[in-house]
Amino acid sequence: MTTKGEKKKKEISLDRTKKDQITKKTTESGFELKPSYGPRDLQDFVYERDSGNDGEYPYLRGLYPGMYRNILWVSAQALTRETPEKSRMEQEVIWEHGAATFYFSSGDVNRTGLDPDHPLAKYDIAYSPENYSYKRMERSLQGIKLEEGIYTFHGASSQQDDVLCVAQLATIADLWGADKTKIRGSCINDPIDNMATAFSIDFPFEIGMRLHGDLTEYIVREMPTFSPFAAIAYDLWEAGCNSVQQLGIILSTLTAYHQIALDRGIPFEQVGRRATISMASSMDFFETVCRIRAARRMWARIAKERFGASDPKLCRLRIAIRTPGQTITRQQPLNNIARIGFQALAAVLGGASAVDYARHDEAFCIPSEESSMVSLALNHIIAQETGVGLTADPLGGSYYVEWLTNKLEEEANKLMKEIEDMGGILKVAESGWLRRLVNSARDERMLALEKGEQIQVGVNYFRLPDEKEPEIVEYEFDDMDKLQADLLEEVRQYKANRDIQKTRQALLTLREKAKTKENLMPYIVNCFKADATRSEILGMIREAYGYTYDTVDMIERPEFLN
Amino acid sequence: MDKSDRKIRVLVAKPGTDSHYRGAELLCQILRNAGMEVIYTGRYQTSDMIVNTAIAEDVDVVCLSSLAWSQEKYYIEVANMLKDKGSDTCVVGGGIISKKAIPKLKEAGVTGLYGPGTPNDVIIKHITERVKKERWHEN
Amino acid sequence: MQTEQHFSASGIPIKDIYTPEDTKDLDYDKDLGIAGEPPFTRGPYPTMYRGKVWTIRRLTGFNTPEDSNKLYREQYELGQTGFSVAPDITTAIGVDADDPMVEYEIGHSGLPLNTIEDVDVAFDGLPIDRVSTYLAERGPITAMYFAVAEKRGIDLKQLRGTTAGCMISWGVLNIPLQPPPRGYRRYGADFIEWCSEVAPMWNPICHDSYNVRDLGLNAYEELGMLFASAIDFVEEEKRRGRIPLDRFVRRFAFNTAAHNDFFEEIAKIRAARRIWYKIVTERYGIQDPNCAKFRVHVQSSGSTHTAQEPYNNLIRIAYQTLAAVLGGAQSIHANGYDEAVCLPTDQSMLLSIRTEQIAALETGVTNTIDPLGGSYYVESLTNELEERTWEYIKMIEDMGGMAQAMQDGWYHRLLREKPIERQQKVDSGEIPIVGVNTFRSEKEPYKVPIFKPDPAASREIQAEKLRKFREKRDKAKHAEAMKRLVEACNSDENVYPYVFEAVKVGATFGEVSKAQVDAYGVWPYPIGL
Amino acid sequence: MDESKVKILMVKAGLEGHWAGLIVVSNALRNAGFEVIYGGNMTPVEVAATAAQEDVNVVGISSLTANYMLTVPAVIKGLKERGKGDVLLLLGGTIYEDDFDALKKMGVAGIFTPGTPMEEIINFVREKTSAKVK
């Protein structure tokens, strides 16, 4: 036990009486709350119309009868290590713990659309698998029967990364002779998200939208058990958007994507049955629960009323939840276990289809094995010990929860209407309105944090002096200098030893086709097969649209493409 | 110019491919609110680009922000390049700093090294003191 | 979750889904109402956490009063909002630290409090005039505490806090030199009456089912035993007829465990409030609704913690804490995550307090009262638990009440069977424990920091202090006070005025206990395999 | 060997009241066929005396409060004084890893921390007593 200085012995500070008082009476989205809610707050609520049972339209209470009694949520962990092989080893540990998916999370270099030999990338490479060629991805899939896995491309918050990842997977499937129609998985493919948050360097919007459609079409045709797109609210949350903004934006987005598919002649049935969104669970416990429930009901109504879905099963919205890194604190990192725990529980009580857990040490290092173990156990403790999966939608009927769910839907509908009136989500994404909305949300959140309105225990509330902070264990990297040098050498060799004519031909064809309306996906796959790299492929598409070859405008097009 | 009116000129820079811009943008806002003149490079900068801007703009201090693991190398590289070019511009760094990197960074003259959640006044005080002492040679 | 039939942790069958159909008989105004109004299902106070967050109160103590005082200061500075003192096993038994019987035990899982000086030292510098204290003992130490408060110029009429004094929780300890249950109850009743005179804001008894729950009772058995014990005390006071019931019933405090089954624990606390309201108003006809408020301290359940992968306990503790919050607890103790590994370290204490603060300040669950009220599932479960609890209370009453059931050996027989039953369920996998009987990791788990006390040193320090203390006290006054105390113990008179006098003139806790036990004789426990 | 010939004394040496674990393990050992004497709380001297009097083969001590570094040596001393130094001594509960070596040196044959499967304890006793009990 820590011993205190003698002179401090007589007085302890009492000036914290104010801190003991809770003054906040609003939710994360700023709804003023009454002291309590009762049946009178739900007077307009008609159970059959607004709720229905589990597995029934409008799916407020869950997508399936009995929910987690019968189908547990999918547990996922985004994880990358220095090499494809090492990432694979980590995946295997996660599989042993019942997680089913193969999670691909690209690093900064892929996210910026660069190859590892790019000058800007020199110090950043080799911290993640760096799938610059399909061969890198192939290395992490060795020995797997492709048809048996589930592949998730959710890590990068970058649409170009999604497009290239799916193309690489398709390339491998073709080369291995696997049956692409049986490959399960999902990607995000959400260019509107990138316009809203500008988190990654991505395709310019016009290219993004075109490839969004190309990828959707390609997946529906070639990989029909794969999910072609999702609307993602995770980045919106991280950027500062509240629940209403998140719901309004992603449901508008999801509607737009389905309309695009329809316009390309894909019947609603073929994409609608995989409708997916991804959201963050946030610290506001009940708002997270209600956000998830509201999203399900909103989509069910859209699918039925707007798209005329004939079968109620086509009105089901799958919701993947990730507990956000932003709420993870560096101060007293083990506190984060409780934070992640609360967020994950909210996700499950909301009826999420998949939950991806942050690690408690993300705020200061690459997640250690120890923190991975804790996150895996977290999933099992919710599933096995807490009994919250014993019945479907255990919070259903709660005056507060139903009221807040209604409120969120009502407000989000207003925002959707507003977006619609401005010409739709594509218009407001292109015009910059969406970005401005997100930016002002971000400024508000920063202000709230600065003013201490948003309490973070141990950070702006009862912060410990640094010397009292508990020791933290950092993940030990392998010898990075060597890994980086090796990778550079590998890239050099790969580029030097390929059949350069073949590569050139494939890339130039891609550039030509990019100028037409043809679906580019098969040509991208061909480029990978011809040993082209990611940034070469991106460069060709960019050039076809009159942009510079390099995403960060630092290097010239390689000579062999002149 | 009266000393008390002199504004600290800051270059906030993000080296490498790290996309997390919120920390850097927040820092710009904090320093501007504290009365400093702030130039922001935006993302995706090489050390060369940062050093060239710092010298061209004659800033007092370069604040480097990165959440990527490359930060250690970039921060040291920027500090060394500035020294090599005869600049006395101070270099401070932020982000998630590995414990092991801290001695190496300090040796190269990169200070601050505050992690996320650091109170604003701590950052402002550190920059002000260091600039006044090392660049303006005030006592 | 794969089996066809699904049950809650207490064996209540759970349906696929609960709908308005399941709560159609619920009369909102009669069965729920709003918080602060009968039947208090939704909370005892009208503002609940919107007015003031629950008290963060961790039961601790170790080594010596001196070391424990440092610990209490430390906790207070981390943001704890109430004090909670755990005397060590030697103090619980009622022998002083220089007794050869307790050679090995000083300062284990608690601190030794032998004299009024020890109490003074333990609370040195702590703002006990503003912050309430929980004393996990049965009366004499509280008398010392009152004497210390008086010495500091604090008006006892304003002093806030709680004395444990509960029969069912004490019975679990299985410690030697204890009076039989009826004797224990008599001193409890004495203490309740005395407190209502000298310190009316003080909770003289905290009916506490934590220990019995942790031995394997389920949620409604826990409540049943808890209320049977409380009823037993009301009946005893009624029989004695010395003070009106509403004088002390309003100051009854309660303490329960929070176990793993999230919703059952929430429903349990809600059901308990409605049950207590009915006991007080319907059974005893007490009119003042303030007497019928079930105010509860909840502690996360130590028996759910594992030595394997200790950080997993942080998750369990967080959920148990959240269940207590959503149930509407007044005071919460989040356990240390390392309690299955060692005595709590600095770090685990910090994390416990932080877990409560995160729940209080970051999750927003405190923004509105009883947020789960109305949930078809939670309301159904609340009703079901209430019903089963009444049955259990009745069963105990049919045995002649709680004290009688203890006297007759039922209680100890039950508590002997429960851990074995639980272990069998763990062995069979019926109770899954992550990291133990499911998903047990073959890998060497990570290491956590540990804390080790030094019992030999504590004994030396305490014994030496006692020697000096005994030398120093006014021997004549002490002998006189002890004589009167012994007389009171052997009469029908309330003993606490004499305890109070005795401790003020230097009677040790061991001496007071001996006088009390001698009057009733030592009770041999009916426990064994 | 015949399990019923193996006699085990199960105790808490000292006063601490956490006896649930002791009961659970005692019950498991009895169900496994051993003859178990449940001693409950005993002083170290009582433990040694009972062990000698009942002529047990195994003594199991449970501790959850770190008092074992004081009580275990006292039990061992008492056992030796009574010519029972060869008893198989087991210790269970929250035992600190850094005490393992010292305890083993003292003569503790098996140490079992919380969450140990019952099978493991039973097998351990079986294995270690099969040579001793003819």
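All chains are identified by letter, namely A, B, C and D, in their written order; residue positions are counted from 1 within each chain.
One rule holds for everything that comes next: contacts are C-beta pairs under 8 Å (C-beta built on N, C-alpha and C of every residue); 3 or more make two chains touch, one makes a residue touch a chain.
Because the structure is a prediction, the values reported are computed rather than measured.
For the criterion of most C-beta pairs in contact, the winning chain pair is A-C. Averaged C-alpha coordinates give centres for subunit A and subunit C that are 45 Å from one another. Annotation: 64 Å between the Cα-based centres of subunit B and subunit D.
Rounded to whole angstrom, the centroid-to-centroid distance between subunit A and subunit B, based on C-alpha atoms, equals 31 Å. Rounded to whole angstrom units, the spacing between the C-alpha centres of subunit B and subunit C is 54.
Of all residues in subunit A, those touching 2 or more other chains are 456, listed in ascending order.
Residue numbers of subunit B whose C-beta contacts span two or more other chains: none are found. Residue positions of subunit D with contacts to 2 or more other chains are absent. Shown here, the protein chains touch in a chain-like sequence that does not close on itself. Under the contact rule stated at the top, the pairs of chains that touch are A-B, A-C, C-D.
On subunit C, the positions that touch subunit A within their shared complex are 1, 6, 8-9, 14-20, 23, 28, 32, 34-35, 42, 46-53, 62, 67, 70-71, 73-74, 76-79, 81, 124-127, 130, 260-264, 304, 309, 311-312, 314-319, 322, 346-347, 350-351, 354-355, 357-379, 432-435, 438-439, 441, 445-446, 451.
The part of subunit A that touches subunit C in the complex is made up of residues 1-4, 9-14, 16, 19-22, 24-28, 33-39, 42, 47, 53-54, 61, 65-69, 72, 97-98, 283-287, 327, 332, 334-335, 337-339, 341-342, 345, 369-370, 373-374, 376-378, 380-402, 455-458, 461-462, 464, 470. Here subunit D touches subunit C in the complex through residues 13-17, 19-21, 23-24, 26-28, 30, 36, 38, 40-41, 43-44, 64-67, 70-71, 74, 94, 96, 98, 113-115, 117-118, going by the rule given at the top. Interface residues of subunit A, counted against subunit B in their complex, comprise 108-109, 111-112, 114, 119-121, 123-124, 127, 199-201, 238-239, 329-331, 363-366, 442, 446, 450, 456, 459-460, 472, 474, 477, 480, 552, 554. Against subunit A, in their complex, subunit B makes its touches with residues 16-19, 21-22, 26, 29-30, 44-46, 68-70, 73-74, 96, 98-100, 115-117, 119-120.
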